[in-house]
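Per-chain residue numbering starts at 1, and chain names A, B, C and D are given in the order in which the chains are listed.
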């Protein structure tokens, strides 16, 4: 389908994470036509691979279930997965957008019965667990995947595995001939909700991520703590698989740093406070968490949660940015070197596991967003430049937690509606 | 090949019978083989090193470095200034960056330089010898001249601090630079990859004024080399070479250790690998003799 | 009711054909389910399969279909038949994927499937495809309460989308707090200097907007009705009150600054040179008007040293002051320090903080403050004592680890917190009885709702949503809080928040016109229908409705407001006489299902356990357990319910009376960090079930026969384990003595 | 004994030590940018030997603790290894500031007496400005004998082995004691240094 049916009354939402889904659903529930474009094979984005949210410690997939039910019941949202926006032209109320769709190699017949996965032997690193474990090359991204259809990884196309998958499918849902296709959409307004990426922790050389196995990032630790993660919810050390009861949380890993990310990523303080409760939940009184920080930015109502964690005897706070992480090469225990700036005490503290509260890098930086969407010095989309009809939403606009991202996405939906309503008024 | 002709800034210790004469001798032998032409900046002066700050404020220190640039621009126009010593390279480059960044500083500096009849125009740039080897020649070219690979000799690549920070070699990481290990492997030696004291400071000038504090660092540097089974330490900095070699005796006395680890220059390794004699590699300049290198230097060269 | 024609479809795909006898299932649907039309299909969700169903509906007049295939959460695009009532028998995730694929288990697996088909057939016959509320009213005029930046933004943004707005402001002028500021924290690149507030321009835009009607010096005297048909009495100062109709409401009543006179130890009230941040803004505005530097209030002397005391009366653990942080005050202190530094760099400005909280690009603003010479010291202030025209500020310097004092501070600015103007706390203030309703001067909305005059509060007086993914879900449909009344925030966030709230208001008005429910059952057309003649006015439904959707008339009969209802069914669960039901979800639709199960006699060693599972968390968890092939006991029969709050105790007693050996209720976590999307559903169920013991005693049954659990959506391992453990407990206490009497 | 310069400085800045550092210490303007994170304190190889870490010194400057900072021997522990500079999240040129503070304390005569690195620093400056290049023999002798003749002999004997080793390795020549290598235009070299110091003193308000 070269040109999809979309008019200048259609709102395009780029990015199928919690912000993109919110913008799409809120607009659709106001009666607007929406096309939701997602580059991976499923909606849900980064929140689908979070185990719990701060401050309630509730489960992100619970919100995803509600949003998916809203999506299933709403015919005016069209979802295009494995799709990326490659070009945007035209102006406010009258855009032409080029979308490149990579082949899924599985058509609508798929009943998600899983037969193809059993037939295939090749495996790929599992992106939803940040590559900590592997996934069959014919896979359903995760249990809450939407659309609920399997995907064949391009790496096995043209190999015996692809043929095995095709043969195993009783509903000829596997179509090895699928090609990449490009389609053009006419849309009235665009909401850019491409979210964020964890900063590459290997660039923070003094912390030894990549050189020392027991130095991991907060998003990887989140997967370890998740019962459906690579370790079945056991918090363990990648080096020897032993349980990690003494965990260090290093704040501002990349953020607030002229050499890395100039901005403060806002969520890392609360993420670490939350994750100290994972260690507590796993090991009770035997747990030992230490948070190394510059300022604990548990802002406004999150202060309640910070106060609660401060009352937890298993959590210690050290006001110090860790200077260097070394490793005891025999036991592979990470050793944190630095100075506690409250009272100037030098420490070289040994931990089972170090979690870098990694900063947020906007994923807008890579994508070629249209010129009029101004990116600020940290690479986030600037607030809606007046006249522009391309609006940022969620973490593409600023380092935001989920609550603020969703609020921001709801606002972006209204801005998009304003554009398409005006276009409609102009024509009527 | 690009014109390998440089204005050479040897530094106060790299001269005949200076504490780094072995560095100078081996660098010159190495450059002869590599067809690199080093012409000393006429009448160059000391860069002030990193400890002389109490003598005067910032401006005087920038002026003494600007004098060398002025002399190079005047007598060796169009050639990059090349320094072998870490402190010379760092002070020269720091002054150059400050001068190029501030018109006020440039004006004050030239006002002072007028007293010596000189003017700094800001043309020449300053490079470390290692930068010349890696960027202008490249590992492949450096490997081509090897006739006697240093097989079986394990080197702990001790980069030290000032050749690595705050500027460092382009593309190299501050925590874990690998160019020295690559140079060792280029000449057939074996490098200790996970040598954890690679970039630790040896105490620098304070090895002289605060011996006890510096020797604690030097002990870690040498001990870790032994722990990783290294036969020798190789370094690009004359102060590191001197401190780590000379004070091993004091460290043994103070800590009861039995260190006797030779500390060599990359230029000595390359001179031996290129078939140079022990004298050309200034192996006779080692207080702790690098016997393994001397044996290789003594074996008849393979054509 | 139009003539009902039923049809059942049994799918053989995804292994159903191999693991089950679909021929027997078809027979069950025919003979026991008494379905008029029964079809088997090898691949029901294929285009051909769906077409067969569509043909039966369009050509053969089928009105009620039961689809025995996969879970109701799967293949929703394929099985989309809005015109007919539809039930789904979960044979895949619920039976063959959750039972071992062994010869020994084949019999119980088939029995399970047979039962689910019986249940689906029974359920669909009790359902009616919801047609939607006939008298839905369409009114898309919005009411915005509060004329500060939040209120004005909501009005402007709604107007830009083409919606008319009435903006009611208590005081005589628009602008709220922002109008009192000299400058604001920057919200655009380069985030380095105090920026114009932009309030004047915004007020002008509101004035000039034909779509917005501004009512100054006015308050809300009375609000009644529901989304799409709110009728609001707007009282003006001069006493008159005109009543107008609105589709939805945005409450942007903002905040008041914490009363700094409660902080004598910080010197407030003891010297005019100790001010709060609002006081400093006033000084800045007066100085700017006079084009002169800010002077010392006490003697108009020159200001050389200014000290900013952060978290004044905030983050207070003693319970005396505000326990929370207001989020904006660190950036505001930096901004105010810049007022002095920009005018005269020689002025010494010190910010004493515990944690400097300037997230996001606020870090640029922090750096800019530092580069202008603002000194930041981590210190806990213990006292501010006036000494003549100066003050001494005593604090503990946490970096230098010593007690320190800043002498001769000419000005001390206390960063006090935001207190929400959220009106009356309905948990604390008694509600008026029907017929005796009186407006309350402290109330913002003066709702004539049975449960109280203002929005329910989450914590610390803020009317915030409890849900991370749904920040606008206040518990009064169609009324959305925006700005600092919802949660502490700065101007930039208030603008975002107000824009979002404007969208939700527009959405609520539009959906009310179509009779469609708001979140979380967005778009649901069903709504509570009540048989008033059976009602005993026990008032449990009006009291227990989590959303205050049900009022009472003078005769104490419940008055249902369809567009205020979130369709959770808590009222249905509460009603002792069971007169409340929805067209497609009622006491009968679930009752019929549990009665349709074939309960074997006590000698068969095959107990029957009824599981009532919340469709938002427990049911998906069990689905995903099936996807992971995590098997559990074959003796359970799982019925999804909209919320555990909708579980009527009659279902439990009916089940036990008809010989079930045990009943499990699986709902969401309740309590402080409640997880229930209908707020109190699982809490009410837990409360009701705690009363079940005496009914069990009357029925001479052990108390273990009924168990209630909190199950999360991620309990894919735990939920099956709970079932197996419960089945073992039932095996231990033996079959129900009531078997065979039904 | 604090010099006249110190009195002049006290008068000029009253107790605004931060402004004094900003005007008179190399890169002093950066002190206000420190956010007290502690990375420099933790990264310094000689860290344990600093009575006040660089980050704490910056805080003391802001808190106006003039005497305590200028009299401290902490700044003299800096080996110029730049570990702190490459890790500082605010990119402060900490090494240059520490040297600047030490120089300023030295000039005001407040720096600790007999501080070995302070003496060595002055000896080194005078050594190479004598004829444009460093003279290693004189440098070591001046350093050993600064505590008097007896102490000098003891130190020389302690370093006897090393000295002989260097001689054998042809990396030391006693003849350097007579002059060693140097620049030809010594007059120009020293004149330009004097001029530079004069310009800087004028700019930083060190009136004579």
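The rule is simple: a contact is a pair of C-beta atoms (placed from the backbone, for glycine too) under 8 Å apart; a residue touches a chain by one contact, two chains touch by 3 or more.
Being a predicted model, the structure only gives us computed values, none of them experimental.
Located most centrally within the structure is A, per distance between chain CA means and the overall CA mean. Averaging C-alpha coordinates per chain places the centre of chain B 23 Å away from that of chain D.
For the pair chain A and chain D, the distance between C-alpha centroids works out to 51 Å.
The mean-CA centres of chain C and chain D are about 65 angstrom from one another, to the nearest whole unit.
For chain D, residues touching at least two other chains, in rising order: 35-36, 56, 86, 90. Those residues of chain C in touch with two or more other chains are numbered 378, 399. For chain A, residues that reach two or more other chains under the stated contact definition are 206, 256, 319, 341, 344.
Chain pairs recorded as touching, per the definition above, are A-B, A-C, A-D, B-D, C-D. Against chain C, the residues of chain D that register as touching in their complex are 16, 18, 32-33, 35-36, 56, 59-60, 62-63, 90. By the touch rule above, chain C contacts chain A in their complex via residues 13-15, 43, 45-46, 70, 73-77, 157, 160-162, 187-191, 315, 317, 323-327, 355-364, 378, 398-399, 401, 459-460, 462, 464, 466-472, 487-489, 492-493, 496-497, 499-500, 502-504, 506-507, 510-511, 519-520, 522-523, 616-617, 620, 624, 627-628, 669, 673, 675, 677, 712-714, 716-717. On the side of chain A, the complex with chain C involves touching residues 18, 22, 25-26, 29-31, 51, 53, 56-67, 69-70, 72-74, 109, 111-114, 143-144, 148, 170-171, 226-228, 256, 262-266, 295-301, 303-304, 307, 319, 341-344, 374, 376-378, 380, 382-383, 398-400, 402-404, 406-408, 410-411, 413-415, 417-418, 421-422, 425. Listed in rising order, the residues of chain B touching chain A in the complex are 173-176, 194, 196. The touching residues of chain C, when paired with chain D in their complex, are 348, 366-367, 370-371, 373, 375-378, 397, 399-400, 404.
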